[in-house]
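First chain A sits with chain B, and in the next complex the same chain sits with chain C.
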Partner chain A sequence: MMKYLALFRIRFSNSLQYRAAAAAGMVTQFAWGFMEIFAFRAFYRANPSAFPMEFSQVASYIWIQQAFLAIFMVWFYENEIFEAISNGAIAYELVRPMDLYNRWFAQSVANRMARAILRSLPILLVACLVPPPLRISLPASGLQFALFSLSFFLSLGVVVAYTMIVYVITFFTLSPVGIRIIAAMLADFLAGAILPLPFFPDRARAVAELLPFAAMQNMPLRIYTGHISGVEALGGIGLQVFWFMVLLLLGRLMMKRALRKVVVQGG
Partner chain B sequence: MGLYFNFFSMHLKSQMEYKTSFFFTIVGQFTVSFTSLLGVWFLFERFHEVEGFTFPQVLLCFATVLMSFSLAECFGRAFDQFPRMLANGEFDRVLVRPQGVIRQVLMAKIDFTRLGRLTQAVLVFGYALPRSGVLWTWDKVCTLVLMVVCGSLVFFCLFLIYAAISFFTLEGLEFMNILTDGGREFGRYPFSIYGEGILKFLTYVVPLALFQYYPLLYLVGREASLRYMLAPLGGLVFAVPAYALWRLGLRNYVSTGS
Partner chain C sequence: MIRVQSLNKTFRVAQRQAGLAEAVKALFSREYSTIQALKDVSFSIQEGEMVGYIGPNGAGKSTTIKIMCGILHPDSGTCEINGRIPWRDRKNHVATIGVVFGQRSQLWWDVPVIDSFKLLKDIYGVGEQVYRRNLDELVELLGISELLVKPTRSLSLGQRMRCELAASLLHQPRILFLDEPTIGLDAVSKIAVRQFMKKLNQERGTTVILTTHDMQDIEVLAERIILIGRGQILLDGSLSELKRRSTALKTITMEYRGDVPRLGPGMKLVDSREGRLVLELDPAMCSASEAISALAAQVEVLDLSISGVSAEEMVASLYQEYKI
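Showing the complex of A and B:
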């Protein structure tokens, strides 16, 4: 465990170095968040009664999403891992006395958290200062916040476990960039990255709520806004634990099989 | 021009060498914009119209912006990699050759995988054109062509600005994404829905609305004035500051050495 913590720390402080990039990214995310909220406002005006959440809930949903983009979005892949697999550097990884799955998992979690920590605070600060309909609101109670925090970390686990499966698939297919993009885009869409799940048509929503993707950003964001609360939130967290376990086991199993017949590329 | 076509076919051939990879990347590009299409569709299932625009009318917008963007990106992709070209000194080689600088930079990369997005734009047009309630007389057809052509030129200018800025910073600037990728993503709805301020900004500063919102009003028959039909041409003025910035950057260029 100690060595993974050390790895985590190295990765974490490494990512913290890119402050200028983080500042540029923040400006982009502010603008992005505002535009998203403006778009929803137009639809809200078109027909407030058809709106499946309260408007303030949507605003909070978008701000928390933008603030923690690096935690929630599947498409923040570790390019280093893809490169290691396709250029042969994996050979060095394999001789290290560390479990490869755990190592990559720790690395991904560290990088995502470092990115999120740098960017989230200023975004949240501004989100608190903008005028009311656009402003982020606080969770209804301390309990709700606790549930959100729990769900937040579980969603990070689910996202990383899912990307691990995509990395392992690279062992078999080597190049296709396309597969990565498709895997990320479908997952993010079904997790509510473009449109929160309550906005889906009823049947699409019923299916999406059961998929592992609903255990990603969908759950913590809706718990934060209070759209899901109490017993329902506990059930949702249970579902997250379930999918986390499933994806974790699946990824480990697939990696074991892949490593049994790994062919190291390059020379 | 003949030289450019040589490079065109060269890039096409080299990218076709890796057929599976090429195909999957195209499908990937298709999925990216497909999810935003799904998003629009889901919202309209619920709300039916926004600011008086119907679903097929919004799709006209969606397809115009998507098509302009993917055309601009297909040919202007090299600007995206321009910061790297500056950093590794490759740009010095460009300067000593007896050819236009912009043309040479463009020839460094033509990205055909963007066809995934283009295909989608064509399909969406196929769905939306007959359903939008627009009577397709000649003037309306011309308007639509103007929207797509001028749209790609405006996006192309944005890519040029991105490259020009890197003369000063030596690295790509992420905030430009809000204008390029953001323009594409948020351009799926008429820009008026984002409010007065945003619309003004996208009219007078970065003229994305000139090839999208105003001519759309003409298409759907809300405005009959020729001004709205020819608004996309106004967007071409944007090429002046874009090119000026590029020239300024070029004049101040100091090689990074090797």
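Showing the complex of A and C:
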């Protein structure tokens, strides 16, 4: 365990030093966040009763999503891992007395958390200061916040376990370009990154809510806004635990197979 | 302690002809060719040995090293190192070996070297005291005390390689694998790296297996060399043995004053310029001392050197002999 913590530490401190990247990311996220909120506002002005979520809930959904983008979004891949696989640097990772799956998992979680910490505070601060209809609201109760926190970390687990499968597939395809785009697009759409799941047509929504993608940002964001609460939230967290275990096992199994066949690139 | 027996390994490589049309065709069907990287490779290495593993590019050196490090699974054959099969028991096996891949880096690019060392300490679970002692010793031997606080990206190749060596030895491995450790280094760094490896082998008794294209490395370091070509072991023996085997001729280079001397039996002229003579000597027909006195009797010798065949020439002639 010590070794994975040590790896977490070095990855974390390594990521913390990229301040310019964080600043640039933040600007993008402000722009994107405001744009989304204004677009929703225009729809809500036309007919506030036609939508499945209240406008204040949508505003909170978007702010939390933008603040913790690095936690929720599949496309924050670890480029180092892709590179290690396609140029053969993985050789050095395999001569360490460590489990490669755990190693990459720890590294990914560290990187995502470091990036999220740098970006979330300024975004949340602004989200609290903007005028009321756009402002972020706090969770309804302490309990709701606790459920959100739990769901938040589970969604991080699900996202990382999902990306691990993408990395392992790269062992076989060598070029990560195709698979990483497909995997990220699918997840973006079905996890409610573009449009929250409640806005989906009923049938599509019923299916989407059972998929592993629903266990990503969809769950913590809807719990935060109070759109899902109480027993329903517990059920949602159960679904997250289920998908986390499934993806974890699948990823480990695939990794084991891949390492047996692996060809380390380069001389 | 290292026993490798009948290792075989093949790779399947997708190939296509040049050109756009071929590239489009490759989208639908690919042609594969099989490359036999290792063919029935066997050898064994005792504790404390220092072995040079040589062969031209693509001969199978790195593949063998990677199998011994537990990274690759062979198609067939066995390999046992300290009683373990590397790829079956990878985690326990790699804890007892050190590896340096000369063409890659194991240090974290953007953080100070010492942070990478600390991470390795935790990864290998090295105790604080042992780590301190090892670190102090390695830092002194390799002269890297000023480099520790610098980020890896700011180091020159020679500086980095010394840090890489230290990094791979912090956990006191019993075996050290070096895959082209001197590639791209300048003369001073090469010598420093060689001296260090020699010391490591002699004082700590670490078994060292190195692959290289630099014959100077072999000449200075390896008591034993294993030659591999096209996936097969071609030769396994001591360097001096091989030298005797490959050719017995010696070269005499002489600067002199006086007329061009007459050459006795066993001496063959290679090059003669004003005041300078290069000749080949066959010791079976004429010993070195006889040759020298014969020459000295005729002219005033200003400078004279006798050399056997260099490792470089020897290996080149071996490559030719085996057509690899």
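General remarks:
To be clear about the criterion, the second predicted complex is superposed on the first by the 266 of 267 C-alpha atoms of A that agree within 3 Å, B and C clash if a C-alpha of one lies under 4 Å from a C-alpha of the other, contacts with A are read in each partner's own complex, and residues count from 1 in each chain.
FYI, contacts are C-beta pairs under 8 Å (C-beta built on N, C-alpha and C of every residue); 3 or more make two chains touch, one makes a residue touch a chain.
Since the model is a prediction, treat every value here as computed from it, not as a measurement.
Look at A:179: by the touch rule set out above, it reaches chain B but stays clear of chain C. Contacts of A:35 after superposition on the shared chain: chain B is touched, whereas chain C is not.
Look at A:99: by the touch rule set out above, it reaches chain C but stays clear of chain B. With both structures placed on the common chain, the touch criterion links A:12 to neither chain B nor chain C.
Within the superposed three-chain arrangement, the count of touched residues of chain A is higher for B, of the candidates chain B and chain C. When the two structures are aligned on the shared chain, A:55 is found in touch with neither chain B nor chain C. Applying the stated contact rule after C-alpha superposition, one finds that A:3 touches chain C and leaves chain B untouched.
Of the two partner chains, chain C is the only one touched by A:89; chain B is not.
Look at A:260: by the touch rule set out above, it reaches chain C but stays clear of chain B.
Shared interface residues of chain A, touching chain B in one complex and chain C in the other, do not exist.
Taken in their complex, chain A has these residues touching chain C: 2-3, 5-7, 10, 13-14, 17, 88-89, 91-92, 94-99, 260-264, 266-267. Residue ranges of chain C in contact with chain A, taken from their complex: 11, 57-58, 62, 66, 69-73, 90-92, 94-95, 97, 99, 101, 103-106, 108, 110-111, 115-116, 118-119, 122-125.
Chain B meets chain A in the complex at residues 18, 20-21, 23-29, 31-32, 34-36, 38-39, 42-43, 45-51, 173-175, 177-178, 182, 186, 189, 193-195, 198.
Within the complex formed with chain B, the residues of chain A that make contact are 21, 24-25, 27-28, 31-32, 35, 38-39, 41-43, 46-47, 50, 52, 175-182, 185-186, 188-189, 194-195, 199-201, 204.
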